[in-house]
Amino acid sequence: MTEILGVPVAVLSGQLMLGIINGSFYALLSLGLAVIFGLLKIINFAHGAMYMLGAMCTVLMFDAFGVNYWVALFLAPVVVGCFGIVLEYFLLRRIAGQDHIYSLLLTFGIALILQGVLINIYGVSGLRYSMPEVFRGGMNLGFMFLPYYRAWVIVAALLVCFGTWFMIEKTRLGSYLRAGTEDSQLMQGFGINVPLLISLTYGFGVMLAAFAGALAAPIYSVSPVMGSNILIVVFAVVVIGGMGSIAGAVITGLMMGVVEGFTKVFYPEGSAAVIFLVMVVVLLIRPSGLFGKEA
Amino acid sequence: MATTTTQTDIQQSIVKQQKAEQRKKQILNLVLLALLLLAPAVFYPVFLMKILCFALFAVALNLLLGYTGLLSFGHAAFLAAGSYTTGYLLSSFPGVTTEMGIVVGTAASLVLGLGFGLVAIRRQGIYFAMITLALAQLVYFFFVQAPFTGGEDGMHGVPRGYLFGMVDLSDNTAMYYFVLAVFLAGYLLVQRIVGSPFGQVLKAIKQNEPRAVSLGYNVDRYKLMAFVLSAGLAGLAGSVKTVVFQLASLNDAHWHMSGEVILMTLLGGTGTLLGPVVGAGFVVTLEYQLSQGPLGDWVDPILGAIFVLTVLAFRSGIVGEIQNFMRKNMG
Amino acid sequence: MSQASRRDYEQLRIDGLHAFYGESHILHGINIEVKRGELVTLLGRNGAGRSTTLKAIMNMVGRRTGSIMINGEETMSCAPHHIARLGVGYCPEHRGIFSGLNVMENLTLPPVVRSGGLGLEEIFSMFPNLYERRASQGSKLSGGEQQMLAMARILRTGANMLLLDEITEGLAPVIVEKLGDVLVKLKEKGLTIVLVEQNFHFAAPLADRHYVMEHGQIVEEISAGELESKQSMLDKYLGV
Amino acid sequence: EISNDTVKIGYLADMSGTYRDLAGPNGLTALEMAIADFGGTVNGAKIEVVSADDRNSPDSASSTVRRWVENENVDLVAGLVASSVTIAVSNILEENNRLGIVSGSAASSITNEHCTPNHIHYVYDTYPLANGTASAIVKEGGETWFILTADYAFGHALENDVTRVVEENGGEVIETVRHPFPTSDFSSFILQAQSSGADVVALANAGADTTNAITTAGEFGLTQSGQTLAALLLFLTDVHALGAQSAQGIQLTTGWYWDMNEETREWSDRFMEEAGVRPTMVHAGIYSSTIQYLNAVKATGSDDSQTVRKQMMDTPINDMFAKNGIIREDGRMVHDMYLAEVKTPEESESEWDLYEIVRTIPGEEAYRPLSESKCKLVTQN
Amino acid sequence: MSEPFVLETQSLVKEFKGFVAVNDVNLKVQRGHIHALIGPNGAGKTTVFNLLTKFLSPTRGKILFKGMDITSMKSAAIAREGVVRSFQISAVFPHMTALENIRVALQSFEGNSFRFWKSGESLNNLNDRCMALLDSVGLTEFANTTTVELAYGRKRALELATTLAMEPELMLLDEPTQGMGSEDVEQVVELVRKAAEGRTVLMVEHNLGVVSKLCDRVTVLAQGSVLTEGDYQEVSDDPRVREVYMGGTATKKQETAE
C-alpha cells in the first residue's frame, strides 16, 4: 500500500473527506459570523450560543412535539433567527455605531445568559437525539466508510454557503447591506429602511449558525455548552479568511477543516492549536487575512 | 496686545485646571490608599489579595486598551507566564527567594510580551485582537504540554517564602501588605506612564494613527513599548497571584481569562485609571459572593446580565459614569 | 399633485427649529420657507450651523424640536428614510462615499424615489471622470472625484428637493463651472434647491434668496435683487 | 468536644460547568438528605452546610476554602470534583488541619503522590476503572487495543492504568492517540481506530468527549465491523444522555448503580423525588460519606479532623453505597466496584433502566495495592 | 545644502492595478518657493503627495530631498527629516484639546517622548509655543476645547497650525483652504505666507485666488503627467490649462483675488 509519512494513502483520503465535512460546519458558522461582522460590524460572541440554540431547538421540538428532522432543519433556524431579530431590536440596536468592543461585551453577556439558563434547565450531559431513519448507514467509498448523514452535511452546507455569497456580493440587496454598514445614517437619508435591514441581517447571520446547529444535532452531543468551545475556532477561521469576506470565510472554513483533520493524524495533540498557528502565520504574511481587503 | 493677554489668561486657566485635576488625582490616590490599608480589618485578606492581583492585571490591560487603543485578546498568556515561571522557580529551587521569583516571572512575561508584540504590532484593529488571541492559544497549548506545569492538575504547593529573607509571607496580613505595595507600584507606574510625554503619544496614536505617523512618530515602536510594559505588568500580577494562592493553573492561561480581564476593564471604565481596579473588584466580589450563595449555579447568567446592562446603560463603565455624572453636576 | 406644481407652493417650511448634539444646543429657533422651484442658499461663517440645518431636515441630528413641513407634511416624527421618500435628495458635507462599494454601485445605490431623475449617460457625460473610474472602489477616488460622485448619486434618484452641502468643495474650476450650469438646468426643471456654500461667487448668481446664519440663528434674509444694496452688511456677517 | 458547638460542612463542586451533572447542585441535595437522615444534629451540636461553586478554578476554590477554614470554622469540605481543585483544596486542608472527603475526582494521584492526612477519596478513581473494564474485556478475548486518550492528566493516568492492565492480562496496546480536550468531532479518530484493526477501542476520556466519541463510533459502524468499544469512565448521566440506542452493549466500570438492590432503589427513589433524576455514583458517595463522617463525629464526640479520620478508618462501611468498605491510611476508601453493560433498548424498561451489572470486582482487586503506593503516609511507615 | 532644489522627483510613476495615476513626473521645487500643484480632479496631486511622504510607495522613479535619496525611507523618518504634510480630509486628534493637538506635534522634536517615566508636567513648557501657534490661526479661544467639538473649518485651521508646529523645511499642504469661509481663507493665505518665510511650501489648491496670490511657481498636472509649469500668469494664459482646468472662470477669479 502506498504511504505518505508512514500513513496509508487510503487513510489520508478518508481524513481529507472528514476534514471537508468538519470544515463544512466551520464554513457555515464562520459565514454567519462574517456576515454579521462584515455588514453590522458586530463581533458576535453569541454565535456559539446560537449554534447551540439551533441544535437544542431541534432536539426539544422533537421531544415536545415530535417535530421531525426535516421540519426542524427549517424551523429551528427560523425560530432562532427570529430570536436574533428580537435581540437585535431590543439590545444590539442600542449600541449601533459604538466601538466593536461593546458589541463584543453585549453578545458575550447574552451568550452567558443563554448558556447559563439552559444549563440550569437541561444540565450539561447532553440531550439525546437519534439519527433520522433515512440517514442510517452509509456507503463504502473504498478508502472509507462514509455515513450518509455526513455526505448530506457537505451538500447542505455548500448550498447554503453559495446562496449566501451570491446574495451578498451579487444582488442589489447585498449592496444595500454593504453600504448600510459604512454609514447607515446616510443610507437612511437615501430612503432605505436601514434599521429593518440590520435586524434582518443579524437574524440571517444567526440563522446560519442555528442551521449549523440543527445539522449537528444528530451527530454531536447536544448540550448547552456545545457552542462555547467552537466559538473561538470559528473566529480564527473568519480572521484567517479576512474579516468580512464572505467567500473567504467559506473557503477558509473548508480548508481549516482539512488542516485540522490531517493534524489529527500526524500530531493529534496539536489539532486544537493548529488553527491558531495557521492564523499567526497567515496574518504575518497577509495582515488582513487570506481574502481580506487591504485596509 | 489684547490677544497676548487673552493668550496668557487662557494658558493660565489651563494650567490652573491641570493643577486642580492633579490635586483631585492625588486626593483620589490617597483615598484609595487609605481604603486599601484599612481593608483587611473588614474583609478577608486572601480575598482582597485576589482582587488586587486582578486589579493589577486589569490596570495592565487598560494601558493598552484604554490608552493606546489596542485590544489584546491574549493577555492571559502573560498572566500565566508570570504565574508559572514564579511557581516553577519557587517550588523547584529552594534557593530562590520570593522577590527573585517574582522579578524573574515578570521578566519572563516582558520577554514573552516582546515576542507577541513583534508579531502582532503591525496588525490593525480586530486583526490585532485575533492575532494576540492566536498567540495566547499557542502559549496555552505549550503550558498544557509542558511537563513542569502539571498540565490540567496545575502546579501546587508553591511556598510563599520570606520577603527579603525576613518577612514571613505565610502570614496573610504580611502577604497582604506586600501585595498592596506591588499593586500600588504598578498602579502608580501606569498613572505616570499615562501622563508622561510617552502617554500623550499613545493617546495620539489611539485617536489618529496616520496623523501621528505624519508628525514623525514611529508608532510601531510606541505601540510595542506599551505592549511590553503592559505584558510585564500582567506578568507581575500573575507572579504575585501564584505566591498568594501557592498555585498556578491552566485557568490563568485560558482564553476565558483574557476575556474576563477585558470585561473587568470595560465594566469599570476604560481610559480611566481607577476603572479597571473597580471593575476587577466588582467582578471578583460578585463571582465570589454569587458562587457562595443559593444562586451558586446562576453565576454565569447573572454576570451575563450585568454585562448586558453595563453596555446598555453605563457604557463608560462604573468609574466613567461617575465621572460623567460629576462633570455634569459640577459644571 | 396639481397643487405641487403650482409655482408658489411651499416645498419646505421650517418653524422654530432647535437642534442638539448631545448636550450642545446648536440651532436656536430657525425659520425658513422655500417655495417650489426656488434656489436658496444658507450663508454664514464656519460653525454657524448651516450643515446642521440640512441634517436636521433629514432627521440626522441627535434631537430636534420645532416643525419641519415638507410638501405640506409635518416630518418631525418621520424616520430619515421616510423623509427621503418624500422626494428629498441630500448631499452631505463630507461626501459620504461608500468605500466598500465601487463607483457604479455607489451611483446606483440610492433608490429612485421619483421619476424624472437623470440617466446614467447624462451623468457620465456630465462627469467623465466617473465613467473612467466606474469600477474603482469608492475609497480610491480622488477628493474631487468623490465630490462628483456624491452629487451625481442624488441626481439619479429624481428627488425634487435637493439639500446640497458644500458641493463645490475641492473641485477644479472647470467642474465648478459645469456644476453651476447643472444647477441652473435643475432649477429650470422645477427642482427646489437648498444650497450651503462657502464659495459665494458660485452661489450668488444662482440663488433666488439667501439666508444668513450666525450662531444657530437666521440673522438676515436677502433676495437676489437686494444683493447689491446689502453687500456691505453681508460682508460683515461673512467676515470678508 | 465539637468546635463552636457546630459541625460545619462546606460543599464545593462545579455547579455550572462541565462537571455539573455528575455532582453539582444535586450533590448538595444528597448531602442535605444525609444530614436530615442523620437527624439534623450530632451530639446536640448543630450541623450547618455552606456551599459554593468552584467554577472549576483552583484559585476560586482556594479563596473559598481558605475563608471557610480560616474564618468560618468549616470542619469538612465535601464534593470536590476537578482534580486541580481537589489538589489545591487538600493542600489548604492539610495546612489548616481540616478534613476533606473527595467524591467526584477521578485522579488516582489524589491518594498517591498527592495524598495528605487530611482527605479521603471515597467513590472511585482511574485505577479500578481501568482494572475492571480492561481485565474483563481482555479475558473475553479482546487482545489488541486502540486507546483514545483525552490529552490531560486524567486521560494520561487512565491510559497508563489501562495499558498496564491489558499487558498484565496478556493483551497488547497497538496504538494510542491523544486528542485535545475538549474535542467535538471524533470522526477522524474513529476512522484511525477502525483502520488500526484493533479488537478493542478504548475511550480514556470523560463527559462530552466520551459521549461524542460513542455517537460517532455508532455512526461509522465501529461495532458492526467487529470492534469492541470500551468506555473507561461513564457516568449514569452520560449514558442517559446517549440513550440505550447509542450506548447499548458498552461495558463500563462503576462504583455504584441505583438499581442494584432494595436498599439502593429505596434511597434513589427518595433522591429522585428531591432532584428529579436518578443519582450517579458520586451522589450516592456524597450521601454515604457524609453519614459515615457524622457517625464518626458522634462516636468520638469531636470534630477534630485527625480524630474523626481515625475513627472513620477504624469503622468498616456498610450501607447502601458500600459493603465492607475500608478507608486505608492513604485516604483511599476501598470498596467493591461493578462491571456493568449498557442494556439494549429492548431490555431497558424505563428511562433510567440502563445498566446490567455483569460482575462484582472485589475492592482489594480493584484498587491500587498499598504496596505500590507513593503516598508519603504509606512510605513513611 | 546649496542645491537650489529642495525637492526633486525623477520620473516618478505610480500605478494602481493597471491604472497609471502618476506618470513620469519630474517635479523640481526651489528652496524658499511656495510652489503650487494644480490640476483637474483625479490628476494625481494627492497621489504625488502620498508618494512624497511614503504613504504610498512609487512604482518607479526617485525622490530626492536636499539632494538625498529618500525614495526608500519610511514615513516617520521622512517627517523627521523635515517633510511634513497636512491632510486633504481633516485629520486631527479628536479627543484632545486644540492645545494638546499642537503639543503632540511639538513634542516629537523634544526627543524624549519615549520616556514613559517622565511626568506629564514637563510638557507644560511647550504651552507658550502652542498658544502662539493657535493664535496665528485664530484659535486662541478654543485652546481648551476638545477638537471634536470644533466646526469643520476650525479643524482645518488647527490642522494647519499642527503642521506648522513641526517647523518643517518642506511643507506639503493639501488644499489648505478647503471648507473655509472667505474670512478664514484670507487668514490662511496670510498664515501660509508667514509660515513660508525661511522654508519651502508645496501645496495643492483649487482656489485659484489663493494660488495667484501666494505661489511663486505653479505646476499643472493632468492625467498623471505634468502639463506645464511656470508662474501663475504663464500657466493661466496657457490655453491647455484653461481647457482642462480653469475654464472660463480663471480671469474672473483672478480679478476677485486682486
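For reference, chains read A, B, C, D and E in written order, and residue numbers begin at 1 within each chain.
By definition in this document, a contact is a pair of C-beta atoms (placed from the backbone, for glycine too) under 8 Å apart; a residue touches a chain by one contact, two chains touch by 3 or more.
The UniProt protein names, listed by chain, are A, B = Branched-chain amino acid ABC transporter permease; C, E = ABC transporter ATP-binding protein.
Just so it is clear, the model here is predicted, and its values are computed rather than measured.
J.: Using the touch definition up top, find the fewest steps from chain B to chain C.
T.: When the steps are counted carefully, the minimum from chain B to chain C is 2.
J.: Quick one: which chains contact chain C and chain E both?
T.: Touching chain C as well as chain E, we find no chain at all.
J.: Comparing A-B against A-C, which pair counts more contacting C-beta pairs?
T.: If we tally the contacting C-beta pairs, A-B comes out ahead.
J.: What is the distance in Å between the mean C-alpha positions of chain A and chain B?
T.: 33
J.: Measure off the straight-line distance from the CA centroid of chain B to the CA centroid of chain D, and report it in whole Å.
T.: Averaging C-alpha atoms per chain gives centres 39 Å apart.
J.: Return the distance between the CA-based centres of chain D and chain E, expressed in whole Å.
T.: 75
J.: Whole-Å distance, chain A centre to chain D centre, using C-alpha means?
T.: Centres of chain A and chain D (C-alpha means) sit 36 Å apart.
J.: Scan chain E for residues touching two or more other chains and write them down.
T.: none
J.: Identify all positions of chain A at which a residue touches two or more other chains, and write them in rising order.
T.: 116, 119-120, 269-270, 272-273
J.: For chain C, what residues touch not just one other chain but two or more?
T.: Within chain C, no residue contacts more than one other chain.
J.: All pairs of touching chains, please: list them by chain label.
T.: A-B, A-C, A-D, B-D, B-E, C-E
J.: What residues on chain E touch chain B, complex-wise?
T.: Against chain B, the touching part of chain E is residues 53, 55, 74-77, 79-80, 84-85, 87, 91-96, 99-100, 103-105, 107-108, 110, 112-124, 127-128, 131-132, 135, 140-141, 143-144, 162, 166.
J.: Which bits of chain B are touching chain E when the two form their complex?
T.: Interface residues on chain B, with respect to chain E: 3, 6-8, 10-11, 13-15, 17-18, 22, 189, 192-193, 195-201, 203-204, 207-208, 210-219, 221-222, 225, 229.
J.: With touch defined as at the start, can you tell me which chain C residues reach chain A in the complex?
T.: Touch residues, chain C against chain A: 58, 60, 79-81, 83-85, 90, 92, 96, 98-101, 105-106, 108-111, 113, 154, 157.
J.: Residue numbers of chain B touching chain D in their complex, please.
T.: Residues 44, 46-47, 50, 144, 150-154, 156-157, 172, 241, 245-247, 249-252, 287-288, 290-292, 296-300.
J.: Quick one: which bits of chain A touch chain D in the complex? Just the residue numbers, please.
T.: 8, 10-11, 14-15, 18-19, 21-22, 25, 116, 119-120, 123-128, 130-131, 137-138, 144-145, 147, 149-150, 219-221, 223, 225-226, 229-230, 261, 264-265, 268-273
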